[in-house]
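The structure appears below as structure tokens.
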């Protein structure tokens, strides 16, 4: 009875350490977390509208893509209503130039209406056209409300703002050796109460079918109250560290991946932000150190760091 | 003295476990929580405006219903203002077609005004009509502000995004038996720091008038840091489990209900989200297991799950 | 040395229990918290704009007041711009009825412009008027943006939604006596994870100059996961309760006040909400009990409470 | 081995206390935190768009600056489109006064279009002009959406609302001596659950190159539930205080700085707010006390404080 219970306890420990990737993921030799913090997994078969998730898409694409999308929708919408006005008969619209095509007249009338400009140089002239105007005016207002809402939401959501050093290093540190990487805030927003968690994922040495294990690494420091400069996150490789006896080759051969989780409070948006990244074994440099990011003291007495130096390392 | 104190302690324990449903609810043989997480209770006699709660209603109805509501309000508002213009006298409005009814002219003029188009093909022509225009313009702006606000709020509020397996199962698991169900994130938003609580509600065996008791079930794992795939939530039926000696028949006869509470952090909206659901005794399948949701390895090395397989179980 | 240290420890305990009202407040014989949860204190001498705090004002006044404010500002703004157009000279505006006053023409032209209707029945006709139009158009857009923002903020902020019973009671309860009051959620929003704190404030018996003391009351239950029905909050008057030997007269004579603090999570707005209220000694009824708020079982099996019965008590 | 481990433990303690400024900052003789809570550091070399951060800029500048920015953008945008209309040829626009310059006509036509007024007194007359109108209408709508979004975000973000006393004091307090300063809420918003942390930063006495150390000061009270009045934050200088044996001169010579961190919950915005400030050694007054901020009792029984007296101290 005891042995079964013990086995379950060990199983339990494994389960709690896997961060939610599960045992199947644990057999995957590929990267679990991409450098930009997205998960290297797919969910398929989602209900059409759920996976489409237009709102999420419009929220997360780049500004040029977003503006192109809005522009294309605007032109398409006007073209659609232009056809509707053409269907209302030849007398539907009064005004516009004689030498312009009926479609062009209808299209520009639609622009005047959708944008609620209404110069009056072209006007609706029969019941059908007036009904289409009634519909288009509402469509314009709703469409604008939606665009305004998304624009605001794009502004209001906190963006990835923490930059990670390209490489992590393993090097002598305060008498022993340590695993280190550094981060900097690349936005002008202030982040406070930032905390870090680093997890080692590697193929178990003794496992026949190459299952992964997940081990939380003890950090020299897990939390900073302020984050005005850079922060070098340090895992000292002491007697208890799982990296204790690993060599550079071991790191690569075990499909090692260092999963990094950060969360902090963004003062500009008054919101909690979560950021993730990872380092694979081949993104760790042995026996190097980070060069200082500090600039010479400024005349006004303020300290300054040069963010461009974040990735700079020098071999010892 | 001691016995009274002990009795109170036991009463206390009962009180703290009932989640807020109270003792009266505890005598109700019906479902407490609906599958979609709403409570199976009603609050009556609320002050009229409080219970009406138009805003809450407009926030939570489906998009088609919402758009219909806005459309109907828009048409009704224009009709109302059309009557107001008619009351301003026959000379109130200039322009419009001679062969169109006065109401139609007034209605379309109202559209031009409420939507702030103002073609000028119909114009206000006396003091009364100009005053109505002044009011309608403000009404249009305020109405639009309200609609835009609700549209944005509809977008911004986190939606139910966790899908629960149709059935829970009770089956052999790691040497013993366990109660299990599984969940998946059906939106493209990422959820992190997801935690689960499962409560057993059942009619007390020894109770003459069938009062319910509420017992928190110990979970193999109560929290995942990431939720990129599916999560099977497991309650091992060990020596301490209240399900220890229950049979399939007991489960049904005791009006058993498994109340599930989840909360996590939605990264897209930077918001904490709460989700609830429940399984009744007749929604638990005995001696079955969930089939794997994983797809064959993709060429790009990413793992993928097929969400459509969430509900798939196979009899052992 | 020890006695000084002990004295400081006692002082410390007093300090931590006063909730932030401080010792001066502690000598005030009046109510500290009003029934609606506002503090019975004033901050004077605030910088003008800080104390004015138009935004906070517009956010918290009633809807009729808010709409009146917007309406009045709209009329005043149009009147202001009407004067500006009059100052642009007699030829500034073309169109409008000959039989209407110049001010009325200018006022309605301003409405057409501020609301961006622009019928074109009146048009700007000189440089000065066109410049005023340019300014008014921007003012209109900014003004509308501000109104829309406030309308949305009014919708989005969680409102006081917990209704407290008019009276608290002190009555026999589960073998001993208890202090009780009850609350109900009067909105259709769901509140979850609701927790309560009750503090007794009373004039110290032994104090010569009538200082108040603040004592946290132990509650039978401090937290409910769900709040779909009513919740009776109970402080059992056991051997350790500060109410242990108090009579109805003591309660009044010591200027007793029960300060209630609630906080929960509003699911509709995904926001934490804080609510406060208080009961004075003369708002406590002795030897009564709350009558049940439950309605007879509904045909659909759902439980229902009648919110109107919240305040109903019956003498034992 | 033990000595190395001990050394690392001491290093660890130092590291955890430095709040995130790091060891380089610790050698800086200047202020770390400015009085307004901003950090006295610079991050240079940020990617252009990241450091520009227009949104953050528009969110945090004063209202007059913001309105000027919007006004200038509006005028510039109209001028730009005016040039575009001029490029469309002499027949592009119909209407407008003969005696006005083509640019003025194009500029005011642009205003009519960008603001979606569309009087119709000037109308687009060829294909090119109509295409520019189509673009300008969209630009106007998007621009307005962005301005409205920023206006709302400016309103919605919690502002610095806690006022700190100009000076901190060190004076006799309850039998011993204490370091004290006081704060008041200068907005009409209520703050609740306010908590404080005070950190002493000073040059290490024994350090040859003048490194700073950071020590958390024990506060008499770290948290208030309510903050309706003023709050005097007190660090008693007892046997364990790092200020125990420091004189006024020591305070100045060691570049002492008291870093203050506050956070609370703003009820109006339902948001957590963080505030910071600092006192340098020369901003501490010895042997003085704060004068009472309380006004005489009001006729309505409410207490009131006079915020203007926040900074008032009197020498003992």
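Order of writing sets the chain letters: A, B, C and D. Residues in each chain are counted from 1.
In this text, a contact is a pair of C-beta atoms (placed from the backbone, for glycine too) under 8 Å apart; a residue touches a chain by one contact, two chains touch by 3 or more.
Keep in mind that what you see is a predicted model, and the values were worked out from it rather than measured.
Placing every chain at the mean of its C-alpha atoms, the farthest one from chain D is found to be B.
Under half of the residue numbers at the chain A-chain B interface are used by both copies of the sequence. Looking at A-C alongside A-D, one finds more C-beta pairs in contact between the chains of A-D. The rotation relating chain C to chain D, fitted on Cα atoms, comes to 90°, given as a multiple of 5.
Separation between the centroids of chain A and chain D, computed from CA atoms only, is 26 Å. Centres computed as Cα averages put chain A at a distance of 37 Å from chain C. Each of residues 112, 116-120, 144, 148, 152, 269 in chain B touches at least two other chains.
Within the complex formed with chain C, the chain D residues making contact are 67, 70-71, 74-75, 78, 97, 100, 104, 108, 111-112, 114-121, 144, 147-148, 151-152, 155-156, 161, 174-176, 184-190, 192-194, 220-221, 224-231, 236, 265, 267-270, 292, 294-295, 297-298, 301-309. Touching chain C in their complex are the following residues of chain A: 116-120. Those residues of chain A whose C-beta lies close enough to touch chain B in the complex are 4, 7-8, 11-12, 15-16, 19-22, 24-25, 28-31, 39-47, 50-51, 53, 55-57, 59-60, 94, 112-113, 116-120, 123-127, 130, 133-134, 137-138, 140-142, 144-146, 148-150, 152-153, 157-158, 261, 269, 271-274.
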